[in-house]
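Below is one structure, written out as structure tokens; comments come after it.
In this document, chain identifiers A, B, C, D, E and F correspond to the written order of the chains, with residue numbering beginning at 1 in each.
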Amino acid sequence: MNQNVVLLVEDEALILLDLQTSLEEAGFAVVCAKNAEDAITHFDRDPTGVKALVTDIRLGSGASGWEIGRHARQAMPSIPVIYVSGDSASDWHAQGVPGSVMIQKPFVLVQIITALSTLLNEQPALPPLDNA
Amino acid sequence: MNQNVVLLVEDEALILLDLQTSLEEAGFAVVCAKNAEDAITHFDRDPTGVKALVTDIRLGSGASGWEIGRHARQAMPSIPVIYVSGDSASDWHAQGVPGSVMIQKPFVLVQIITALSTLLNEQPALPPLDNA
Amino acid sequence: MNQNVVLLVEDEALILLDLQTSLEEAGFAVVCAKNAEDAITHFDRDPTGVKALVTDIRLGSGASGWEIGRHARQAMPSIPVIYVSGDSASDWHAQGVPGSVMIQKPFVLVQIITALSTLLNEQPALPPLDNA
Amino acid sequence: MNQNVVLLVEDEALILLDLQTSLEEAGFAVVCAKNAEDAITHFDRDPTGVKALVTDIRLGSGASGWEIGRHARQAMPSIPVIYVSGDSASDWHAQGVPGSVMIQKPFVLVQIITALSTLLNEQPALPPLDNA
Amino acid sequence: MNQNVVLLVEDEALILLDLQTSLEEAGFAVVCAKNAEDAITHFDRDPTGVKALVTDIRLGSGASGWEIGRHARQAMPSIPVIYVSGDSASDWHAQGVPGSVMIQKPFVLVQIITALSTLLNEQPALPPLDNA
Amino acid sequence: MNQNVVLLVEDEALILLDLQTSLEEAGFAVVCAKNAEDAITHFDRDPTGVKALVTDIRLGSGASGWEIGRHARQAMPSIPVIYVSGDSASDWHAQGVPGSVMIQKPFVLVQIITALSTLLNEQPALPPLDNA
């Protein structure tokens, strides 16, 4: 019953907990990953069960949030993607996927909730997908 | 003093209560209707007193949410309209009114609040109406 | 080879000719219909071969442009729809389909070309359809 | 019969002629003004007869294009406003009106046509005005 | 450490307190001003430390919220600006800055939070200001 | 005098000529490249002199249009990017840059002109890059 979760990727444990708590209090089901490998493994297990992606950019020594975003969109072209970052925000114009939201640190948690709600609300406006 | 209410239409009592509670906690005044007939009767009594419409699509044996949306827009061309549905979301492209938001079940309550706030915030950007 | 045409519906012969000429000079292939019945017959023969719909609202004694718009969207949820009208423009908020463009008479022909180009350019931004 | 014209304001005669020719070739009716005083005089004579405003910013010793924009919007809240400028473009964020377009010199004439068509096409999406 | 605050301008003490409490509960740091003079003094001390402006329109005998908006945008072209007003909302089309949000009284506090979050989320979409 | 050109990248000579002619007739100055290497060499010589990028996706054996888009945005975060493609359009959601336009073949030349004009008109809406 892990369907329709928000996949949350962040390598700093405290920020991850903050984000997870905030999203869950707002009513979202959350699956956490601490690096790109775990995130992609979870995503690939059931791409249609992931409702949205919220990801940090720098994730230790592995792949970055930019790569997770592209990976998710390749399988699910209309999945909402939200990037959260401090120093990588300026790369968003070159590395982000179309229609994504870049939230710059320091941010207020309600900004994530609003971005997520807004992108999810735009989803049904897209025509039905053959693989969703 | 029922001015400026959100008209909420839903035939399942539990979902209706959930939505009403959530909207009221967010600060909105809510008037509930369980079918299209009640919704339209309330609306027609004072169209300018209804600030926004949030409606389910399937409403038992009577008219559907699509018809309530068109009815409300005929009298109030710029009223925010939010549809909430499970299986009827794919009909939105053909049956929804322009500028409306379609929220697909299962959804998180904050999505309704965000959609409502966003559409209400866009209202003053419209020129003053002669009949409002 | 009638694939990827703009379906143009207008009951006044002179306006129809003007629109057709203007669209063809801009490079679009055009199929004309003088009433809703002909338009829907053409559309139903090959819905995926119609790239966009440009329709007048009042079309003699038959169905109106609003109905053609809904009919086309039911089969092709993301097809661009452009309405052209004089006195029916104010009904667009209640009768138009989401994401459509309403062009009010008197208009300049380049407005149609711009609307059509803009809506077609937004198409690939939508995820691939299973039936297109 | 000067209804539904584009009011074009530019103090450099050659640029004015270029713009006027380009707009007329695209099918628009144009009324020209060489300074803010003439522009406002024309506008005030029949505000509902002016379909859109295209204005340079610096206009000799009189009022600027920013002031014409605000003046026009005070009477006609939804009138399309397009500013054309070289060195004043950076002031647009502080001095422009909401929903206006700023076109920076050097520009290509088709940019003006596209901006004008796009803003005019968005007009019927606004609810009917009491004074239009 | 007053960096990244929301500058809140409102001359009615009770409304100011309501807004301040609501913004702080949502996680924003707030600096309050009761008139335009105080607002501009605070802003000019450290323009880059102000993250967003939320302002009433009528502010006693001094300058109005329209003037504060233009002042802030002149120094910080992309700062989010939110106006809150009862009777001045219809002037927004002529007096507001581009991309601003006008929230009409009576409003629900969550509308302010949503507008603020949405505008802040759009910020990183703008190109970096220092290295280009 | 190569300032403010549109950089056009296409490996099929006939399509390149068509696009170039169409853009020049519309008034744009064009620099052509037949592969990614040439495109990037031209771009890097004077990034601020390139006004916009129009690129095919598949470009023979070298890098693709997706890479040219990212390269251009890394140096010029707000440069308009338009992709033109037949079979690669569905990858746009994963490989395109934010705010870009994907035009699917077969297309009509006016779609390119409209996309280019629209993106250029949105440019001054971005804050100035040098004085902030």
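Here is the rule we go by: a contact is a pair of C-beta atoms (placed from the backbone, for glycine too) under 8 Å apart; a residue touches a chain by one contact, two chains touch by 3 or more.
From a predicted model like this one, the values you see are computed outputs, not experimental measurements.
Asker: Rotation angle, subunit C onto subunit F: superpose the C-alpha atoms of these two copies and give the value as a multiple of 5 degrees.
Answerer: 120
Asker: If you average the CA coordinates per chain, which chain's centre is most distant from that of subunit D?
Answerer: Most remote chain from subunit D, centroid-wise, comes out as A.
Asker: Taking each chain's centre as the mean of its Cα atoms, which chain lies farthest from subunit E?
Answerer: Here the answer is chain C, farthest from subunit E.
Asker: Could you please state the distance in Å, as a whole number, between where the Cα atoms of subunit B are centred and where those of subunit E are centred?
Answerer: 29
Asker: Centre to centre, by mean C-alpha position, how many angstrom separate subunit B and subunit F?
Answerer: 42
Asker: I'd like the Å distance between the centres of subunit A and subunit C, where a centre is the mean of that chain's Cα atoms.
Answerer: 37
Asker: Which subunit A residues reach two or more other chains?
Answerer: Only 77-78, 90, 92-93, 98-99, 113-114, 118, 125, 127-128 qualify.
Asker: Which subunit D residues qualify as touching subunit C in the complex?
Answerer: Answer in residue numbers: 4, 26-28, 113-114, 117-118, 120-121, 123-125, 127-128.
Asker: For the complex, which residues does subunit A have touching subunit E?
Answerer: Those in contact with subunit E are residues 89-90, 92-93, 101-104, 106-111, 113-115, 118.
Asker: In their shared complex, at which residues does subunit A touch subunit F?
Answerer: Touch list, subunit A to subunit F: 70-71, 73-74, 77-78, 90-100.
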